[in-house]
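In this document, chain identifiers A, B and C correspond to the written order of the chains, with residue numbering beginning at 1 in each.
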Amino acid sequence: MNTIWTRHHIISLANFLPAEYNMVLQTAASFQEVLSRRVKKVPTLQGQVVANLFFEPSTRTRNSFELAAKRLSADTLNFAPATSSLTKGETILDTAKTYLAMGTNIMVIRHREAGVPQAIADEMDRLESRVSVLNAGDGQHEHPSQALLDLFTICSVLDPKQPKIELLQNKKVTIVGDILHSRVARSNIWSLTAAGAEVHLAGPPTLLPKLFADWIPENQEDSPITERKLFLHWDVEPALKDADFVMTLRLQRERMTQHLLPSLREYHQKYGITRTRLKLCKSGVRVLHPGPVNRGVEISSDLMDDPEFSLISQQVTSGVAIRMALLYLIGGGKS
Amino acid sequence: MNTIWTRHHIISLANFLPAEYNMVLQTAASFQEVLSRRVKKVPTLQGQVVANLFFEPSTRTRNSFELAAKRLSADTLNFAPATSSLTKGETILDTAKTYLAMGTNIMVIRHREAGVPQAIADEMDRLESRVSVLNAGDGQHEHPSQALLDLFTICSVLDPKQPKIELLQNKKVTIVGDILHSRVARSNIWSLTAAGAEVHLAGPPTLLPKLFADWIPENQEDSPITERKLFLHWDVEPALKDADFVMTLRLQRERMTQHLLPSLREYHQKYGITRTRLKLCKSGVRVLHPGPVNRGVEISSDLMDDPEFSLISQQVTSGVAIRMALLYLIGGGKS
Amino acid sequence: MNTIWTRHHIISLANFLPAEYNMVLQTAASFQEVLSRRVKKVPTLQGQVVANLFFEPSTRTRNSFELAAKRLSADTLNFAPATSSLTKGETILDTAKTYLAMGTNIMVIRHREAGVPQAIADEMDRLESRVSVLNAGDGQHEHPSQALLDLFTICSVLDPKQPKIELLQNKKVTIVGDILHSRVARSNIWSLTAAGAEVHLAGPPTLLPKLFADWIPENQEDSPITERKLFLHWDVEPALKDADFVMTLRLQRERMTQHLLPSLREYHQKYGITRTRLKLCKSGVRVLHPGPVNRGVEISSDLMDDPEFSLISQQVTSGVAIRMALLYLIGGGKS
């Protein structure tokens, strides 16, 4: 299947092609099947090295990538910032080059600053290495694997056998919360609008982009999508009206000390997802959250645990399948 | 052998059956044999995931479980509290559910609060998952794998070929130290008394339970053992008299700042295990310590290194075999 | 090949034999070849345990050893000082004995105090264990695997097919920087002089040994090398004159707070390696650095990135091959 896969790095979804989305979804679906077997391993990446360079720590995401790599039989290396050479004054690019020289095939990179994965990918190409770079979250820029696992989770709800983006045509997806600072929201906007969904963004004015066109260009020169259906709301109710899927974003507690938020409680009152608010949505609406969840803040505790509405566990499960798919597609046939 | 093993989680030894103890001992003995081979791996848990959720850090215990899992060919995930989502306000149950959703088969859990492994096991059952939970130490409650490796070490001394609890019938085992706060002591009391041994507890009054019956119920309603031979001593000498085995417990330095202890030196003078004190015991007496040891506090340094008396190294070796046995018994035939 | 390899531990290069150097170089060369294959694994250490006991943290060196071990199919255990029993008052030897009792076959040890790996090796021998100890850097004493990877890198430049120490006969190698506190310099002095190279040491007087003979004995009683060609310089220029290879050492920022250095900038002006200074060397001179590099301090940034001169990436790559070779030679035929 990956004979026609050409993308070498996965940094952003801004210029992802519909065919690429579908290839990722189909590959993930086939790995879901592998994961249902007793022995969940395939030899695809045997003898290859996947280095998780998490300059910004995240146990859950790192473990998800680690498990995906191990199930493809790769060897994994974990880079621990605390005890790293960075504290010894080494530059990020030099750290990456060290892992290149050690024989790394794929670098999974998370950093609190936007652009770091791209910079490392550029350097790897400049050096004519065959290393692939996978963005595991960079600052407030993008988090492609999260958006792809969200996409996979949603499409699998609509058609477990044949998840494909066409299923989202004209569906209404509402994203609620701190849009402005969210790399998850940004990546999801690219994928969901590319799939033809109507995307509604709702949150406190302080957490919404002011000059929207600046924040996310109407049309990136290299974007294949001519028109994106995107709407902004300061109130959550109109955004939720007739929604097919609702995504709540994690609220960073820092936002309060930054005076962007009055209080978590007030946030929950105005923007928290509750059973009452869900009544505004289409029947059969499902709720997603990238986790970790602040129970009773972004979403009411009982709703989060209600399998009729919550897709949160499916998202985590999809995460392993999606990351296997991404490592497989960019790592396939490496030596 | 595990065709008749029915226990799904291992949280406490309070209601362990004699047949279960012996099955663990025999399984561990067979793994001891595997560990003496050149290639120490068996494919039992190939493709399964063992997640070490050590909310309370412990390198030695985590590495022991990790090695046991690897030797059963399982994939392992390590949860690092420092960089974990807990610091981001996620609940412990949500963390566990994340690892469930990732595809974990067995969770090995350590937490500074009693009851956490049970709570996670209950949640796993409520969700009708097939995940097994193994308590790796919870607060001052229990530490089953430690007590089982102690039991295995002792029984292997008495009969290396056929370790079984019947060998402890009417043996005298003395546990010395901070009984009150020790999960190791508590788990050992269940196993040793279940084996029919006479268990003598000795320590400073401040580190002994006041209302003994409250601390450890004479008879748990669900306990299979009708009568337990248990004795308390404020002085160590009568406790040591004619003892077959002596267990010293690690002394937490916090106890002093809590004014429960005058000084480490005074503690050693009154309760430290020395060659002189061992003369009170049966000849051939052996000494155990769960480690890490404060040399010259719980036990005199030279005694700790004397293979004629000390079983400390054997305990660590038994630890890997016992943990392989436990993972094998609860993980057997998982998918 | 390792039928004639007799060394059980690798702690120091002071008494390494020429035949041993060449055996390491040839073994590393054969593993370089393995690393060029698509599947980079060999089953040599299958089922054996390599424990990385890094009392002094170092992600890059630990990952290099970890990767080498995994490519020999060994199981690896990582000891994390932060959460270790050391904080609980356990002695270093007791920690090592715990890993011995768990079934470790090879211990890779880094510690900020000189002599620790030797002390652990002595204890392992005293206990008649078959565990091998590999020094991964001890205080200001030695860092054998670093010196061996430097040697391998240099010899591979001179003859990629047949790296052997004879190639260094009468070559001039210049080591620049904080010689006094450098375990890297010390180990390199043993290997390079044993190879018959002329070794020139240059650095600020405060960072050079005062009583040279005390710092590094003219002739160790057990050293096989009768005469070592070693020269000291306070200025870098005469040291660089006609050099074939230049090694720059990492400068520890602590040195300044210790008043051993005026400023990093002044250090670079007087001892930094630049294109201009390299003109003093033989044409075709190559530059090495153990990393991590302080760009613009030990070496000018552009020079570091110039493949015509810099061997820094090759050093990292050689590191994995050399560590595979060392684990293979000392671990071969272990049970």
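One rule holds for everything that comes next: contacts are C-beta pairs under 8 Å (C-beta built on N, C-alpha and C of every residue); 3 or more make two chains touch, one makes a residue touch a chain.
Since the structure is predicted, the reported quantities are computational estimates derived from the model, not experimental observations.
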Review point. Would the interface of subunit A with subunit B count as same or different, where same needs over half of all numbers used to appear in both copies?
Key: different
Revision key, fill the gap. Field rot_deg for pair subunit A/subunit C, CA superposition, rounded to the nearest 5 degrees, holds 120
Review point. Between subunit A and subunit B, what is the gap in Å from one C-alpha centre to the other?
Key: 41
Exercise for review: Check each residue of subunit B and list the ones that touch at least two other chains.
Suggested key: 82
Revision key, fill the gap. So, in the complex, the side of subunit C touching subunit A is made of residues 35, 37-41, 57-60, 63-64, 66-67, 70-71, 82, 250, 253, 291-295, 313-317, 319-320
Practice item. Sort out for me which residues of subunit A touch subunit C in the complex. Key: 46-49, 75, 77, 79-80, 82-85, 88-91, 94-95, 97-103, 335
